[in-house]
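Chain naming follows the written order as A, B and C, and within any one chain the residues start at number 1.
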C-alpha cells in the first residue's frame, strides 16, 4: 500500500503539531470531540480536544460513549454528524435582491467567504461520502459554487478504521476500513507494547509537505505491519453486512414489494436518516423579505425526502404515503443513485441505523427485500414449470 | 446564469384566458441568458415571493415569452405583473423537444390545457422549416372553449402557415362552440400520420399524457418516438436539490422532455 | 383504443361484410336531428364524412354537446340494449354522409347467428367501453387549476 508514498510515524506530539501547523496555515481545523454525550465534529483549537480514551457502543437506535482503557483517540464510530455539515451546510444564503424606488431589481450573489478547512479524522466511509457529494454537487453540467468553494483546497486527514461498530458495513459497500485515495494524509492508530502512535501516509503533495514539517520518526516495519494488521482485522469485524447481491438490481426489482408496507408501519418519517446520512444532499429554498418589502433573500437549507412537502405538486404531494417516501429514500440511496450520479449513494457508515429512533436497519431491510424477491422468483419458476397440474391446488 | 437570477423586464402582458397570461420578457441590461431551445424551461422569480419552473412559450431574438397560469402564490404574483415590472430569470434548463431528430417524419403534436404553451415554440420551428418534415398535426384539448390558449394563432397557422391538420377539442362545450367535444385522444382518428414514421410530442396533465401515449403505442408508434414533457416539484433546476426525481431520472437535468420508453415504466409505479 | 372501435378494425372481415350488406347510404344536411332522447332506437349509423354531436336537452339553454363523433365512428348504441330507447340526442353539425342500418334487421341477424351476434356485441361493447373511459378521464377535469382528479 505504501509504495512510493511518503510515510512516517507520529506520536501524540505529532498530532498536536499537526493541528498547530494547519491552524498556522490559516485553516479551520475540524475534528471529532466529545460533547453532550456524543462524539461530534467541531472546530478544534488543539489536538487535546480529540476524544482521547473514548469509544462508542452503538446499535440500531442506540448510541453510548464508553471509556476506552488504552487511551486510543480514533476508537469511536460515526457520530451524529458528518462532514457535509461543513461542506454542504444546513443553511446557506445564496443571494439577495433589492427593489429600487423605480421598480428596478438588482440581485447579487451573497455567499459567505468560504473557510479553508482541514478535516482531521475522516473515516474511510466518510472519505467516500465526500467523493460521492463531490460528484453530485460539482460533477455535473452545473456546479454548486458554494460547495465547490469550500471543498476546493480542503485538507483531508483520514483516520483508518481499526474499531468498527455494530452498525458498520463499509466492507459491503467497498468503502473501508482502509483509506486508499482521496486524502492528503492518512493516519492509522496503533496502540501496543511499543507505545501509542500513528502510522502516517501522505496522499498528496500538500500532505507530503505538511507531514515532513511535523516531528516524526521514520517508518518502521513493526508499526507499518501493526497498522496494516489492525485495519485488516477490522475488515472481519463489521457489525452488519448487506446481502451480497447487486443492490441496484435488487431495488429496481422490488418497487412493488410488500416489505415496504412492513417498514412503513415502523417508520416515523422523521427524516433523521437523511440528516445523519453523509451523502444525502437534498435541499430546498426559502425566500424571505424584510419589513420594508424591498429587500429579499434566497436561502438554501437541507430538506428531506421524508417531508410531505418534498414532492408537492399543484394539489398535493406525489409521495403521500410513508411507504412511498421510505421506498424513495432506500431505492435512491442504493439504486437510482447509479443512474443519476454513477455510483451507490450508500457508504456503509451505519449512521442511519444508529440514529433511527425506532431502529430501522438499512441492511435488514435490504436483506428482507432480497428474501422476498428470491421467494417471488422461486414461485415464478415453479409456476412456469408446473403447468396445468399445479393449478388445481390453490383452488381447493 | 444558473445560480443567481438575472433581472428581466416585463415588456408586455398578454391575457390568454381568465387565469392565464403570457409575459413578454426582455433583459434589463446587456447581460442576457443563453438561448433557449423549445421545450426547455426557466426558473422565474417573483420578487419576494419565490420561484417556479416555466417552459418558454415563444423564443424571439430579443424577448422570451412565458405563459403562466395562476395556480399558486408565485404564479399568482407573476400573473399580476404589469408592463415595466421586473422578474428574475435563471436558465435555460433541461432537455428540449429536439425537433431536429424528426427530420423527414410526420409530426404529431398533442397538447392538453396549459401544455400547449411549451409546445408552441416547437410548432413555430416546425412551421418555419416545413420542407424538413412530413405532415404536421396539432391536436389540442382544452377544458372549455374559454380556456383555449392561442386560439387566434391556431387559426392563423392553419390558414396561412401550412399547418396540415389542426384540431381542437374541449371537455365541456359552451354556447357558441361549434367545435369538437371529447377527450383529446379522440382527435387521433382524424390526424394524418404514418405510425411507423412519426414523432409525437405530448404535453399536458400526466393522466392525459398516459392516455395519449398508450393510444399512440397501440396505433403503432414506437415508444422512443413519443416525447413527453413531465412535471415534478423543482427547486434548484441545476440537478442539486433532489426534488424533481422520478426514479433514476432527474427531471430538471434529464427532462422535462423524455422518451415514452423511459417514462412509461416510471409512471406505471404509483407514488414513485 | 379509438382505432379499434372503428368498424374496420373492430369486426372480422366476414362479419363486417355481412353487416355492410344491411347498410343504406344516407346523407344529412347540417342541422339534421338524427334522433332525440326518449324516442325508440330503431336505427344506427356509421359516419363516413362530417360530424355528428351528441347532446342533452336542458331547459332554458341550447342543448349542451357532450361528445363529437366523426369518420368511422358508430352513432348510437341504445338500439343494441333493451328497452331500445335513445339516451341522448344527436345532430349533424356539418353535412354528413353515413351508412344507416335498420336496428331490428341487425338484431334479427344477431339472434339468428350466434357467432355474428357475439362479434357485433363485442364491437358495440368496445365502443361503449372506450367512450366510458374517455368520459371518466374528462370527469377528472384535468385541465382545471388543480386537475388530475385532486
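The rule is short, and it goes like this: contacts are C-beta pairs under 8 Å (C-beta built on N, C-alpha and C of every residue); 3 or more make two chains touch, one makes a residue touch a chain.
Heads up on the chains, UniProt names are B = Oxidoreductase; C = Cyclic nucleotide-binding domain-containing protein.
Predicted model, so just to flag it, every value in this text is computed and none were measured.
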item	value
Chain closest to the middle [Cα centroid of all protein chains]	B
Winner on C-beta contact pairs when B-C is weighed against A-B	A-B
Subunit A-subunit C separation of Cα centroids, rounded to whole Å	63
Whole-Å gap separating subunit B (Oxidoreductase) and subunit C, where each centre is the average of the chain's CA atoms	34
Between subunit B (Oxidoreductase) and subunit A, distance of the C-alpha-averaged centres to the nearest whole Å	39
Multi-partner residues of subunit C (each touching 2 or more other chains)	145-148
For subunit A, residues that touch 2 or more chains besides their own	314
Sequence positions of subunit B (Oxidoreductase) contacting 2 or more other chains	71
Subunit B (Oxidoreductase) partner contacts - residues on subunit C that touch it in the complex	1-4, 6, 51, 53, 61-62, 64-68, 70-73, 93, 134-135, 137-138, 140-149
Residues on subunit B (Oxidoreductase) engaged by subunit C in the complex (per definition of touch)	19, 69-71, 112-114, 141-143, 147, 169, 171-175, 177-183, 185-186, 188-190, 204-208, 211, 214-215, 218-219
Subunit B (Oxidoreductase)-facing residues of subunit A, complex	94-95, 97, 99, 103-109, 136-137, 140-142, 144-145, 255-256, 281-285, 287, 289, 293, 296, 298, 303, 305, 310-314, 318-321, 323-324, 328, 331-332, 335-336, 338-340
Complex contacts: residues of subunit B (Oxidoreductase) adjacent to subunit A	2-7, 28, 45, 47-51, 71-72, 84-88, 231-233, 235-236, 238-243, 245, 247-250, 253, 269-272
